[in-house]
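Each of the two complexes below includes chain A, the first together with chain B, the second together with chain C.
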Partner chain A sequence: MMRAASWAYLILAYGFIYLPVMTLVLFSFQGSGLPVPPFDGPSLQWYGEVLGDRDVTDALIHSLTVSLGSSAIAVALGFCAAYGLARFILPGSALIRGLLIAPITVSYLIVGLGLLIVLTNAGLALSLLTVAIGHVVINLPLAFAIIYASMGAQQQNAERAARDLGAGELQVVTLVTVPMVAPAIAAAFFLSVTLSWDEFIIAFLLSRFDITLPVEIWSMLSSGLSPRLNAVGSVVFLVSVAGVLILELLVLRRRRA
Partner chain B sequence: MTGARSGAAGWGFVAPALLWTLAFFIVPFVVMGAMSLATLDGRTLVWGLHPDNYVELATRAYLWRAIIVSLEITLTVTIVSVLLAYPLAAIIAFRVPPRWQRLALLLAILPFWTSYVVRSYAWLLVLAQEGIVNRALTGIGLLDDPVRLANTRFATVTGFVHFFVMLLTLTIYANLVQLSPNYRRAAMDLGANAFQTFRHVILPLTLPGIVTGAFLTFVLCIGDYVTPQILGGNTELTVPQVIMVQLGRRANFPLASALAIVLMGIVTLAYLGCARWLRLDRI
Partner chain C sequence: MTADVTLSGVSHNFGDFRALTGIDLQIAAGEYVTLLGPSGCGKTTLLSILGGFLEPTSGAVHIGGRDMTRVAPAKRPTTTMFQDYALFPHMSLHDNVAFGLRMAGMGKAQRHAVADEKLAMVGLGTSGHKRPHEVSGGQRQRVALARALAVEPDVLLLDEPLGALDLKLRRAMQDELKAIQRQVGTTFVHVTHDQEEAMAIADCIVVMNAGRIEDAGPPARVYRRPATLFTADFMGEMNHLPAKVDGSGATTALGTVPADGIRPGAATVCIRPEALSTGAGTLDLGPATLRDAAFFGTHIRAHLTPEAAPGLTLVAHLPPGASAEPGTRLQLSAEPDAILVYPEDSP
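So, the complex of A and B:
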């Protein structure tokens, strides 16, 4: 009785979780012009139309550029800070860690609003660059926390050995430390890319002419339900899923093994 | 940390990240605080220590109404999400065979990675007048005519609950699998039935995980603009929606900043309210 109820609940829960995604993907193959039942596909016309739309493909390239660029910066800054805090005795290190983590606790809307006020008052024009600055702010705490957590004392012996053998600080970092914490660096990078790729509100507030894909989808939304939106949404979803699966296969598997 | 060195080189490594956080997070935050005390004279900004925006917040019905709407939606979402996610996490942790648990969990949170905008749009499809829920309900004869599901508070709550059930399943599952099965066995040996074991043993032990997940839900939910904007139909506005209206149509940065400060105040109060159970370091 309890068993049957458990399995029934499990099925219902998965049904609820997958209902919107399945509907989105199914009706992206809709034959007619409205993404509602009855389904009269499958047809690839909406994918063809979307991929032929300059606004969409431009936005896609902008999104990729911003997410890869901002994640690279966030991971580089996060790694250096983690190395500095894990390997050196610095006065006020608890306060520094707190400061670096702090942006996690504030909603994206507020981060975006603060940056909008400061950047426009500083005379900086809104562009993909300002979006990337915002995305580094929200991804740096995650990158720092993930990499810092992976820097245990066990790696210090290898670093000390390298130093004894005459390696300079830069050589120690690039040839010894980075390879040892590579899984954490990869995890931080893919997580940042996935979050930045999807992020809307900061990208919306801090961009003007060149926009990212979520913002483009947002502007398409104002014309109502359309299979074109389903097609774009499905592409965005698939890219995110690919990112998560890479993370799962490459990084988490290896950690477990 | 053992064997750590002191020295200026350490600052060299920490400085870039620290400067970035100061310049693009702390400074904007302080300026936003100052902005909330500025005021508009026509369209020109006047800096200073003016309480005008906060007075307006307290006296204008549509402003404090937004705070109440936000709180009502957020509390409903938090409670419903915990109640739905707990059984799901428990079933995955206790009923699904161990070798399938990782896959079951991965599947349960995969749509978590859909972007906010796309996920909300997908719910709009599902709940539309001609959408599959209405079609199914009229099809099996439960309804004569389709009902209005999209563009309501119900739609906003559904969209939110969908997202946070996935988040909470993850945090509660992590908590449940950490429990030693000995606690359950001991309770059973001492004569407790399944419900008593849950009520007096499992629930208290997983409370920190639940509260941590619920706090995250509260924080993310109350600060979100996209879900209520797409699904809620503009019949009632939440605080983030009012902030965006003030930014967009009026360019009233001082009032928007004051609202943002109030939002942060609410989150701080929620934090203080559940701080004794919170384990933010264990997320």
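So, the complex of A and C:
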């Protein structure tokens, strides 16, 4: 009896989490023009239509560019900050660490509004670049925290050994430190990509003509419900799942081994 | 490749703490030296100064006649074998050993040939493709040794290299380290707190305490004729007898022993347990009662109470076949050359 109850609870809990996503994906294969029951598919017509739509494919490419680019920058900056703070005794390093991590607590809306004011006052036109800047701002604290946590005495001793064997500072970082913390760097990068990929508020506030996929979905919503939206949403979901899978296979599994 | 090392007047402070005071030390090229002392005596600090990881507060370090006091580790003719080995976990053993040569700009084929040769020297010739986590602790240590020797340093610094190994492996590695040192001829400076290890391995033992050098010399001399009371105690078990020195020698409760060249006044007479023998000897120390004893294979370690001084307890090593019943009455004696006398306020 208890066993059946716990299974029922498990199914309910997962249903609660995944039912919306499953519904979204299911009705992206809808045959008729409305994503509501009854289901009369499956049909790939909406995927065909969506992938043939220049606006959607452009937005898809913009999203990929922004998420990969901003994540690369966030991870590079996060690594430099983590290396500096973990290896050198700096005045006020506790304060610097705190200030680097603090933006995690600020809502995306506030970050977006703040950046909008600053960037427009600075005379920078809204574009994919400004969206990427916004995503670096939100992902840098995360990347820093993940990489900083992975830097311990073990790397420090290996770095010392490398210097002893004649390595210069750049060689120490590229040949010893980066490979040793590579799992953390990769984890930070993929997490950052996933967060940037489906981020809406900042992308909405800081873009104008070139927009990312979540913003494109938003503008599509204004013309009412359609299985096209489900198809686009499914693509977004698929890419996120792919990101998480890569993270799991490449990084987390290897760490366990 | 080998070089001599000269430390002159080296002192080092960590904030207010004086870790090293006026260290003067000469190490000959090709010598195997151990820095021996209790935790916190400054031996590791001294090694870090030799390796260039610390700059001494004052004094100078010369290696092969060149002033190295302020030269970075990468630019010194020294390499260090670290206590935790500090291997690069993401590289094969091969690439670990070849790392220093790669930094020196040696081509891939050539440096891999040298790495193979060094791995073969430490008995790991066939494991070059493995990663450090795939081999045992003892093997990792050999890799660390091969890596440090691959760049052919003039001086190899070893920071408690055998500390993490079990006793049997430790003894085997001691012999091997010494054999490898003979083979390559490099000057080895080896930090340890284990006096048996120091004696097993070194040409010269440098005994340190509280940031100073207490004694330096060949193992037999340092053990048998230690320069200071601290060294005498640190090198092995020692019986202490309070004494008073005057013109006739050092007078203890067990009799008078020779004390040539020791200034008159209070002193401590020291005798090693194995130097106490039973029966008649050159120097009679009177009768004693055996209190208890334990069998150690090569000897019996016994606690004795001398009749002339019931408040004292002496430790003696009796032959393994001796009868060791508590209460046995023994006649103690010693050879004069096994007796050491230190003035009371000796450093």
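Quick notes on this structure:
By our rule, the second predicted complex is superposed on the first by the 257 of 257 C-alpha atoms of A that agree within 3 Å, B and C clash if a C-alpha of one lies under 4 Å from a C-alpha of the other, contacts with A are read in each partner's own complex, and residues count from 1 in each chain.
What we mean here is this: a residue touches a chain if its C-beta (ideal position, glycine included) is under 8 Å from a C-beta of that chain, and two chains touch if they have at least 3 such contacts.
Keep in mind it's a predicted model, so treat the numbers as computed, not measured.
Residue contacts after overlaying the shared chain place A:Q171 against chain C, while chain B stays out of touching range. Of the two partner chains, chain B is the only one that A:L99 touches; chain C does not reach it. By the touch criterion defined above, A:V75 reaches neither chain B nor chain C. Put chain B and chain C next to each other and count what each touches on chain A; the higher total goes to B. When both complexes are overlaid on chain A, the residue A:R160 reaches chain B and chain C alike. Touch criterion met: A:Y83 reaches chain B, while chain C stays clear of it. Look at A:M180: by the touch rule set out above, it reaches chain C but stays clear of chain B.
In the superposition on chain A, no contact is made by A:I147 with either chain B or chain C. Contacts of A:P20 after superposition: chain B is touched, whereas chain C is not reached.
In the superposition on chain A, chain A positions 160 are in contact with chain B in one complex as well as with chain C in the other.
Note for the complex: chain A touches chain B at residues 2-3, 6-7, 9-10, 13-14, 16-21, 23-24, 27, 34-37, 77-78, 80-81, 83-90, 96, 99-100, 102-103, 105-111, 113-118, 121, 133-134, 136-137, 140, 144, 153, 156, 160, 169, 194, 197-201, 205, 214, 217-218, 221, 225, 229-230, 233, 236-237, 240-241, 243-244, 248. Interface residues of chain C, counted against chain A in their complex, comprise 51-53, 72-75, 78-80, 82, 84, 86-91, 99-100, 103-104, 147-148, 151.
Interface residues of chain B, counted against chain A in their complex, comprise 1-7, 9-14, 16-18, 20-22, 24-29, 31-32, 35, 84, 87-88, 91-92, 95-96, 106-108, 110-111, 113-119, 121-126, 128, 130-132, 135, 162, 165-166, 194, 219-220, 222-226, 230, 240, 243, 247, 253, 256-257, 260, 263-264, 267.
Touching chain C in their complex are the following residues of chain A: 154, 157-158, 160-168, 171, 175-176, 179-180, 182.
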